[in-house]
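Comments concern the structure below.
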Amino acid sequence: MACAALAVGIGLGACSPGADDAGAGEEVVDRRARRVVSLIPAATEILFALGAGNRLVGRTRWGVHPPEAVGVPDVGDGIRPSLEAVIARSPDLVVLFEGPDNEGVAARLADLGVASLSLRHNSLADLRRNVVALGEAVGCPAAAAALDARIAADLGAVAEATRGVDRVRVYYDVWADPPMTIGRGSFLDSLIALAGGRNVFGHLERPSPRVGLEAIVAGDPDVIVRPIRADAVDDAPLGERAGWETIRAVATNRIVYIDADLLGRLGPRVGEAALGLAAALHPELRLPSLPPPERLACPG
Amino acid sequence: MSEPIFRCRGLTFAYPGASSPAIRDLDLDIGAGRMTALIGPNGAGKSTLVRLLAGTVRPDRGAVAFLGRPLADWRRTELARTLAVVAQEPPPAIPQSVTDYVSLGRNPYVSPWAALAASDERIVEQALARVGLSDLADRRLTDLSGGEIQRAKLARALAQEPEVVILDEPTAHLDIGHALWAFETVADLVDRGMTALCVTHDINLASRYATDLVLLSEGRAGAGAGPAEVLSPVALERAYGCPVEVLDRGELGIVVLPASRSMAGRPRR
Amino acid sequence: MPGVRGRAAGLAILLTALATALVVGLTLGNVRIPPGQVWSALTGGETEPAIASIVRAIRLPRVTAGALTGAALAVSGTLFQALLRNPLAEPYLLGVSSGAAFGAVASLTLGAGALSGPAGTTVFALAGGLLAIVIVFRVAWTVGRVDPRVLILAGVVVSAFFGAGVMLLLALSRGDAFRSAVLWTMGSLERATWPGVAALAGCLAVAAGVSFAMARHLNALSLGEEAAAHLGTDVELVKRVAYFVASLAAAATVSLAGVIGFIGLVVPHAVRMIWGADHRILIPFAMLAGAAALVLADAVAQAAARPLVLPVGVVTAVLGVPLFLVLLRRSHV
């Protein structure tokens, strides 16, 4: 992660985590990014949690959490973003999803002399690395360490609470038609495990596999989790899907709706998401309440 | 003259968007049991006249009567049992056998989904035999030569058992041997009672085999008459816009030779 | 060219192929179930409830939808190729698929509640497909006749327009509709429900019946419109009716299963190469071949990477194109 900070400091191009080869012995200047455009909603949330929300000069249209984030100017989409809208914010750092869609963006930003930080954003380990990387980028490693510790503690508390329970079999209904779920590549798979469940398609080595209806029925999950936006209605009620009536979760009406905004974000609230999932999967458990997030400060 | 097969009165037709009509105010009678040859320069309206007579386009003004009835009153299948057209059409894009192709001539007689009856198949075989294609019946149409395709087209028309056949440029792309065969075959059909209207550029063969000749020029027709009257150097020169020499070769017919525009006064070699 | 005997043999071959495909499709699904249990689930014998559910409520409607969709695409493609005398003609040529995709994506992104549910999406897709066709025909219909050249051009342009409309809706939509919409345009038989299957069966029956009843007129049209008129065909009437039923069949398949390429283009060609261009034979044979091909392709899509499902349109192309190229090479068309 030194790479990111250095690259920021010398105002040079793209830098992915893990490419720790940026120039040693460069002139030491102030490395802290002061004008950040965050094209990852979860990174927006992390920066606010670090107390560095005031460094944000741009967010994606989806990056509306915490509520203060709404006040940050919206630059549009996070994948294949509008370079004009991003540059118009005169950023000194752009936070990007790492992936083929954004490779060209990072290169273009480098050409324009704007540093970027490309973050992989799939697993719980990615989250913790990203917290550290963002903390370093804005010059608040202490706050980042505290946030990282808090996330680890939250997840640990949930894991502790579900230790030894009978693991319920979970089908995570990303999309109904055609049926899409999550596999081992997704942090949601880890959250299900932490919450005392077992993803019926956890053996599939891909983040969002397109599976067969037959396989879902044969998988016979105990619980079906549906991420639903707070403002949405269920457009494909499970009970009405042909052939699903023999699934245990449907027969016993164990269908859990969880706020997609909470469950879909790999950010500081991931412990809260795990706890909510644990409560849904194991209503019989007495779960701890998580300590309220402490206010971190990021001076500068 | 008895009741004509076709009686055209005041026929006018312009293609949509065209500046001048392709056929204008045309009066024409085609006699029964005769072989009429329709000649004229390119763009004179010959193919348009064929379309008007076959009912595939409707005149803007005037009317065509076919066998004494307005053409517009004929149902398409009824018309196809009486009138066959051998048109200049591109070969079909989809491969099929010669027999299947000729069998299409039975379309006006059989229901659209039924198989051909044995009697229909016999008529198809006779049509193939009549044009000398029996040996090639199972070949693909696309494998035939130009002359053979022309024969297959004629066979398809014969399978319609028509009283009248219209042929649009039956000798186009044919060598002199095949062209002669085409005219002889049509003349033979006329001898057996059929009426034929043949649009052609081959004035020489037309003059030999046609009973009537019609010269079409700029959408108007001269009166149908015998070759000797129609093929006057003055009329041909006006129609074709080039000097011609007309030679009467007796039984071989009238031979029309274009003379070069610059030939006037040039000594013969 | 095959005679009566060749055609009888062809009918036997295609019926066997379809029967085999149906057995394979019902046996090989996304989940391994022993054939004996599949049989008893189908015949109402003793089985576990989950197996009965999978076979009767998921597999059987999917396989049935596959057979009907394959047949409908084949008859639609046959009609378009006959009407346009263009070997590249296929069911989606006139913008049916883009229009249907637009309707479906509109319901997914703009609709709420029942409108964006599976039934709403199907209805929107059908409406979108038919809308595209109506526009194309209004443009191509001049002075009492349909001009095939204008029709193709209008189809391509309208198709591009609705394709752009889909992209526009997706660009303005929230993230998760995007994935569904993209997958939707890839085609899948899994959304088949019995009411949807029944609706498709109705459209197919109309298209098949009407086109078979016009078989000799379609044969004549292969020579060109003027030649067909000389042979007694009421060309404009036949064209209007045939375009309508071909488009109806295509729209019905798109609204049920999305866009499944290759079947509607290639099956009619393959059948024509083997058994000739007589539509009295071609239409029923192409329907049987299309049904068998799609059911087999779907069986592969379901079973090749269990429990993942491959896009069935990809399987039809990957399996079918090499076979077709061999046929093309041998027939020298």
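To keep things simple, chains are lettered A, B and C as they appear, and every chain counts its residues starting from 1.
Assume a residue touches a chain if its C-beta (ideal position, glycine included) is under 8 Å from a C-beta of that chain, and two chains touch if they have at least 3 such contacts.
Quick caveat: nothing in here was measured; it's all calculated off a predicted structure.
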Most centrally placed chain, judged by C-alpha centres: C
Chain whose mean Cα position lies farthest from subunit A: B
Whole-Å gap between the CA centroids of subunit A and subunit B: 80
For subunit A paired with subunit C, centre-to-centre distance based on mean C-alpha positions, whole Å: 41
Rounded Å distance, subunit B centre to subunit C centre (Cα mean): 44
Residues of subunit C touching subunit A in the complex: 29-31, 49-50, 52-54, 56-59, 61, 112-114, 116-118, 121, 175-176, 179-180, 183-184, 188, 190-191, 193-194, 302, 306-309
Subunit C-facing residues of subunit A, complex: 62, 174-180, 201, 204, 208-215, 217-220, 233, 235-236, 242-247, 260
Subunit B - residues contacting subunit C, complex: 16, 51, 54-56, 76-81, 83-85, 87, 89-90, 92-97, 99-100, 104-105, 107-108, 110-113, 115, 138, 140, 160
Contact set on subunit C toward subunit B in their complex: 1, 81-82, 85-87, 142-143, 212-217, 219-220, 222-224, 226-227, 229-234, 272, 276-278, 280, 333
